[in-house]
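Below: one structure in structure tokens.
Order of writing sets the labels: A, B, C, D, E and F. Residues in every chain begin at 1.
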Amino acid sequence: MSQLHTVNKSPLERNTLESAIIHAIKGNALLMIEDGVYGAMQGTHKSAMVSDAMDNISFYVMGPDLKARGIDEARIIEGIKIVDYSGFVALVAEHDVTQSWL
Amino acid sequence: MSQLHTVNKSPLERNTLESAIIHAIKGNALLMIEDGVYGAMQGTHKSAMVSDAMDNISFYVMGPDLKARGIDEARIIEGIKIVDYSGFVALVAEHDVTQSWL
Amino acid sequence: MPETKKFLYVNRKAPYGTIYALEALEVVLIGAAFEQDVSLAFLDDGVYQITKGQDTKGIGMKNFSPTYKALGDYDVNKIYVEQESLDARGLTLDDLLPLTWEDEDDDWAEKDSIKVISAAEMAKIMEQSDVVFSF
Amino acid sequence: MPETKKFLYVNRKAPYGTIYALEALEVVLIGAAFEQDVSLAFLDDGVYQITKGQDTKGIGMKNFSPTYKALGDYDVNKIYVEQESLDARGLTLDDLLPLTWEDEDDDWAEKDSIKVISAAEMAKIMEQSDVVFSF
Amino acid sequence: MKFSVMISEGPYTHQASDTAYNFTKAALEDGHECFRIFFYHDGVNNGTRLASPPQDDRNIINRWSALAKEYALDLVLCVAAAQRRGIADADEAKRNGKNADNIAPGFRISGLGQLIEAGIQSDRLITFGD
Amino acid sequence: MKFSVMISEGPYTHQASDTAYNFTKAALEDGHECFRIFFYHDGVNNGTRLASPPQDDRNIINRWSALAKEYALDLVLCVAAAQRRGIADADEAKRNGKNADNIAPGFRISGLGQLIEAGIQSDRLITFGD
């Protein structure tokens, strides 16, 4: 089984990104959407939490949500892959189960 | 001027209690309501944050919200005063301005 | 109908402040009729949903916590509660409702439905599910 | 009408994920007609509201960030941004929209509306307000 | 003392409307005056008469209507927020070409200026939200 | 592959309905099948026809109705959630003694069993919420 986790809230405001990371198993994927994309930025108080988890988890971030919020791709933590809605669909299809961390 | 801060979310889930405490000035009051009342409990990962702030801030907690959530008064951090809705109204009246940390 | 699926209901929010806990419970009750393999997970603020002694008269809302005790009668008896979430909130198993079920295959012996597990074990239960309902 | 009051609009939430930022801005624009002493506070995730380069075409929503630049024309020119909130998010003043106003009493000189202040200074501004609008 | 209240969330989903109700009722019973209750954001959803909550639960909308009647409260739904979310009185429905309205008794629809005015005219303004 | 989607928040206030729409549209355009879109919690507010959002903004409700028409989507509003929040079709309005209904074209009201069935019948179920 393989699992996709989605996170839609800023990690500076809520605990969902942290909780998702804690509950992701080696080989899982985590997609940041909506306000969750702030978690993909370099240089925040939560960036290290994401970087440290990259050995176990494949991180993805929604490009359209990044653009909406004015976050330049150059500011994204290295190793996080940017996807569009079609890429989001593909991630859901590729993984056996999707869990939304609300 | 004197200010009343209200916090309605669990400090284990969101940053509002912490932000309210940071922005309260010596002599301010802080009232925990709704899910904010979990912040009044002893023995949580956030209890020390509240205890440490008690020199500066007067803490209050909504009794009806505690009861609804099954929190016995004996579990409340010492020094936090329990009020009812009428007490809530009195706090708003006694302070020049009320700020809701949403 | 396809074969039985593993349904996991994930409860991460406190009761009363928002309606998610109550409406999640309504899904569980309806879902119990569909004869799937059902598990409930309580973690983060979700552990507050099943604490003892709730009394909502003062806030004018309905106390739905007794309904959790009926879950055993609906064959919903795999209830996973995360240890780390309890610890962070200063709670222990004693603070939770005693949720039980009667085992038909064991002379209707009353058994505990709640299993307190680690975050690592919770992660495995999540990954082994076929459908995850998030509230 | 009583004397002029000090109005403070507190913005603590990110844009687009929820509507609070947009609807708060709508209040500020309407409120500008009432000739009160208006200040805006951006702290916590609220600082994300006034970042440069927002482009919402891909999510199908309206980009309302240009409207912040019009605030100066409405005599809304006391915009406080918290340093600690920027720091926690890896942002600097350069990442924010250049919000300015023209000072009638200084030969219409263009001046910056944004003042980056500490959390301690923000606390004082909050306490000195007569009315706090929270979104 | 003269209070005003802003409610930012709809009924049932968040406790905001419940707390606002209990607060307002206590204030009125304690002899305070309520200048206005302003419903903004999803708060406008408190003003629908089409809700039919379970019999054993509180009826949040009817409770507001009854309190408004008892104390002559001014319950105002923000027009812009109401348009986005589908709350309309007869005039609004007609103006927007809708064949039905859904506003509950005791509520009225008006502009954001009513909120600003509440801030100016009241001794205290308090917000209940998410 | 056969998808189902659960939407837990109303239109405009949270991005959930927007993301769900963009996700569903992409899935359909990529050749996937959509078994059901289930609206729960405040999500039922996506199914009102009385909304009149600003002209320069997207119309979230009409967008769902149009997508449903194009792809024969099954848009289901949970009846219990809809009753609490004041979303009614003609039958529901009559049954609950209401003199108006407000459901939008392309939506239908049904029970929670429809969500469970979506979980059973679909290859993937994904939730969009707050």
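The working rule: contacts are C-beta pairs under 8 Å (C-beta built on N, C-alpha and C of every residue); 3 or more make two chains touch, one makes a residue touch a chain.
In this text, all values refer to a predicted model and were calculated from it rather than measured experimentally.
Peer 1: Spelling it out: a chain qualifies if it touches subunit D and also touches subunit F; which chains qualify?
Peer 2: Under the touch definition, subunit D and subunit F have A, E as mutual neighbours.
Peer 1: On the document's contact criterion, could you list the chains that touch subunit D and likewise touch subunit E?
Peer 2: Output, common partners of subunit D and subunit E: B, F.
Peer 1: Quick check for you: after a Cα superposition of subunit A on subunit B, what is the rotation angle, between 0 and 180°, in steps of 5?
Peer 2: 180
Peer 1: Quick check: which two chains are joined by the most contacting C-beta pairs?
Peer 2: E-F
Peer 1: Going by average Cα coordinates, which chain is farthest removed from subunit E?
Peer 2: The chain lying farthest from subunit E is A.
Peer 1: Measuring between Cα centroids, what's the chain most distant from subunit F?
Peer 2: Computed centres place B farthest from subunit F.
Peer 1: So subunit E and subunit F: same face meeting same face, with over half the numbers shared, or different?
Peer 2: same
Peer 1: Report, in whole Å, the distance between the mean C-alpha point of subunit C and the mean C-alpha point of subunit D.
Peer 2: 43
Peer 1: Rounded to a whole Å, what is the gap between the Cα centroids of subunit B and subunit D?
Peer 2: One centre to the other, that is 27 Å.
Peer 1: Cα centroid separation between subunit A and subunit E, in whole Å?
Peer 2: From the centre of subunit A to the centre of subunit E is 38 Å.
Peer 1: Where in subunit C do residues touch two or more of the other chains?
Peer 2: 13, 16-20, 44, 59, 61, 131-132, 134-135
Peer 1: Would you pick out the residues of subunit F that each touch at least 2 other chains?
Peer 2: Counting only residues that touch two or more other chains, subunit F contributes 8, 12-13, 15, 19, 22, 41, 80, 125, 127, 129-130.
Peer 1: At least two partner chains per residue is the criterion; list those residues in subunit A.
Peer 2: 8, 12-13, 15, 34-35, 64, 84, 97-98, 100, 102
Peer 1: If two chains touch, include that pair; go through all of them.
Peer 2: Every pair of chains in contact is listed here: A-B, A-C, A-D, A-F, B-C, B-D, B-E, C-E, C-F, D-E, D-F, E-F.
Peer 1: Write out the stretch or stretches of subunit B touching subunit C in their complex.
Peer 2: 8-10, 12-13, 34-35, 38, 41-45, 47, 63-65, 67-72, 75, 84
Peer 1: Inside the complex, what are the residues of subunit B that reach subunit D?
Peer 2: 1-3, 15, 19, 22-25, 28, 96-102
Peer 1: Enumerate the contact residues on subunit F facing subunit E in the complex.
Peer 2: Residues 10-13, 41-42, 45, 48-54, 61, 80, 83-88, 92-93, 96, 98, 100-102 of subunit F touch subunit E in their complex.
Peer 1: What residues on subunit C touch subunit A, complex-wise?
Peer 2: Residues 10, 12-13, 20, 43-44, 119, 122-124, 126-132, 134-135 of subunit C touch subunit A in their complex.
Peer 1: Within the complex, which stretch of subunit D touches subunit A?
Peer 2: 13-18, 44-45, 48, 51-59, 61, 63, 65, 88-90
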